[in-house]
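Reviewing the structure listed below.
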């Protein structure tokens, strides 16, 4: 794909995203000049004034690499994914949202109707006697105004188009991005299509520096505010849920460095399909009880298992959304 | 009827589009600013353990995650009925000042400066940060990148993750500072103060001493006569982390001043069918449509509104600049939208000074980081001033602390009506009968919303060559009749 | 149309599968809706197996292992007990009735108990009606 000594065309686009993925690209700081030396940025709404029409006008395959961040939440996200797929040689799902659904994917605990009801009608600060709701087409005196269609569920990029690579993280660590970028522009051999890139394939725990004991058993779970964290001992050993066992390495255990628990934004290792299922196995192996009632009591102390074990991955999990 | 669609608007955080309808004379009939997306955080925060919310809601915005983390952290404290000990409070505010420094630097140099330092109608290829560096020299460009990085380093030091900090825990913070780290922050803060003063001087030299620019700021089609909101301390001085919300009317008189818990008595939100984003307004004034004036409930929550709504700055150097701005612009309140850039730099100086104050405070290396919780009250409101406006988080929980309801009014949302009106006003002022819509005009319409814009694109504009923006003018049947593009 | 539930039963090789076998060879009558999957030990049943069974259309999932204390690998069924509890908590949060997942201990000699268990579980599932999991997941594709 790379022509020696020629720049690649790079595009960055967001679906249902927070902007943090774009910030992670800006965080290359001074290295930005290296990036710009190797790539023409041809589309990046946060930074450049290229419009959708300009992208439509590009020849197919014009873009060498598109970093697509954000989930698929509405019809515009899907249309843009389809358009960018056509225009791009490599399409990379960049960040947890496009990789696994991410935080916006937690919306799969409810549906469109429930979300609209909450936001536009029940919200305590909203006054909406006429029960107005945003609609895909609305006629004003001057003409018709259109909005994208809001879907019932959050979906993944790979469900609407074919994805070449997945780069995990919320957001991916900038150092990982630079490594991947340099590999691409230097013409290095890329892993097989469909791979996760820019991350390790060991569990977070293997890199984590907190102290672990062999065969530690848990008899009670605590919320983070119920313990006096000593800053050193593995959170799980202290009885606080940490997604380390079900999460791949690569972030540099950032949250743990700040005395926070890992919440799994890097997603599971490649041998695992469903991070929550993996986490349930890990916890079951740690709890020290053989009495059904006691087991029930201990495990009921884990609040919100679905929202914790699948914090970043609900739409990519086996069950994918609540049946509500 | 002719129609100009800008889709998407670019160089801002998030999605948006502008629909401009022209009348038969070629003047502007109406303008709609549409936000085409919704996430539904209010809904999916339900069921989550409330202590997880500061990290979850931070993903509302990756540009100002620290604001959500703080506002949410305060709401969570209230749910537990506890206040952090002094050290924790100061650490949070210290983090927050670094967040402001990094954000305001990026915004000014990458977004605002090109329009002034290079010029509002300069060739677009130069109207970016590279053009700015061309004018001011490469050392300053390097300084900009460096100062932003240093501010981010402070955030990562205090909060673990560089973007999405994990700092807050009910009643305090997870991590303290040692004296070596503190010394390092003191040095960085001194550098921020120098840099902020330098930036103000640059603004003075380049913008204020240029009659033409001053004229655009004061007399361009950019003024909105609306109410001003901002967080103030006990002396009515500007504050970001903690205080009461004060709103002054179009003449600068206090309209209201409320504690966070009372926000619903003063602010209400309206829904329109053509955008996913709601329109907050002052409840006591009521919604009178997209109109300005003393009777309208439309307000703004921006660097300028915060200065308007306060009696001054709590730090000495910023106070000098505050006085200077209002005397130059003809007294309080100022309604010139573009003065937001000046106000932002004064806030930059305040954040830098406050950063130093906090770093030098002996409490900052204290060991008491958390007030233990002793039960769950079940409801809490937290308000901070985000870079882009007053930010409110309100949670209800069950006895276990699982969220039952959440209500959030985000910084930029406050300005939704004002942004819509500013764009319309700029378009009306600039697109007139017989006028061909040129690139310069398009840029000047964009300047209307850019003043409200968050920040960043620091690096963004430093990419060579600004890419074309295309505006289509269609007739009432949707046929394209004119296409203007910047090359 | 009569609802014929699909039930997936994960049976431990040493006790429960033998128990089920006994039920068969003794010609005890039990509902024909069960698809038995033999595993070496109930401790081998990963949460993924259960979730996949639901996703692929199971209306109910039955897990059977040796009685506590009788596991051929000492601890397997205790581990299973804990996984089962976690799974129940999780699926009920996902809007799946937790009674669709059942855990019972069946020894090699308990053919009758197995037959009764299958009958009563089938009964329960018929009352609950078809699971919508497969349909919901497929809608997303």
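The chains carry the letters A, B and C, assigned in the order they are written, with residues numbered from 1 in each.
The rule is short, and it goes like this: a contact is a pair of C-beta atoms (placed from the backbone, for glycine too) under 8 Å apart; a residue touches a chain by one contact, two chains touch by 3 or more.
Since the structure is predicted, the reported quantities are computational estimates derived from the model, not experimental observations.
Enquirer: Over the chains that touch one another, what is the least number of steps taking subunit B to subunit C?
Expert: So the least number of steps between the two chains is 2.
Enquirer: Could you tell me which pair, A-C or A-B, is linked by more C-beta pairs in contact?
Expert: A-B
Enquirer: How many Å are there between the centre of subunit B and the centre of subunit C, using C-alpha atoms for each centre?
Expert: That pair's centroid distance is 55 Å.
Enquirer: Could you tell me the distance, in whole angstrom, between the mean C-alpha positions of subunit A and subunit B?
Expert: The mean C-alpha positions of subunit A and subunit B differ by 25 Å.
Enquirer: Distance-wise, how many Å sit between the C-alpha centres of subunit A and subunit C, to the nearest whole number?
Expert: That pair's centroid distance is 33 Å.
Enquirer: Quick check on subunit A: which residues sit in contact with 2+ other chains?
Expert: 304, 307, in rising order.
Enquirer: By the touch rule stated above, which residues of subunit C touch at least two different other chains?
Expert: Within subunit C, residues 93 contact more than one other chain.
Enquirer: Identify all positions of subunit B at which a residue touches two or more other chains, and write them in rising order.
Expert: If we look for residues of subunit B contacting two or more partner chains, we find 47.
Enquirer: If you look only at subunit C, which of its residues touch subunit A in the complex?
Expert: Against subunit A, the touching part of subunit C is residues 46-48, 51-52, 54-55, 68, 78-83, 85-87, 89-91, 93-96, 132-133, 136-137, 139-141.
Enquirer: Sort out for me which residues of subunit A touch subunit C in the complex.
Expert: My answer: residues 153, 155, 159, 273-274, 276-278, 280-281, 283-285, 287, 289-290, 292, 295-296, 299-300, 302, 304-307, 309, 315, 317-324.
Enquirer: For a test of understanding, state which residues of subunit B touch subunit A in their complex under the given definition.
Expert: Residues in contact with subunit A: 1, 3, 6-8, 10-15, 19, 21, 29-30, 32, 34, 36-40, 42-44, 46-49, 51-52, 55-56, 59-63, 65, 80, 142, 145, 148-149, 152, 158-167, 169-171, 174-175, 263-264, 267-276, 278, 280, 287, 370, 373, 394, 400-402, 405, 407, 409, 456-464, 466-470, 472, 476, 486.
Enquirer: Where on subunit A is subunit B touching in the complex?
Expert: Residue list for subunit A touching subunit B: 14, 16-30, 32, 36, 41-42, 44-54, 73-74, 76, 102-104, 106-107, 109-110, 114-115, 118-120, 123-128, 132-135, 138, 140-143, 145, 147-148, 150, 170-171, 223-226, 229, 231, 254-261, 263, 303-304, 307-308, 311.
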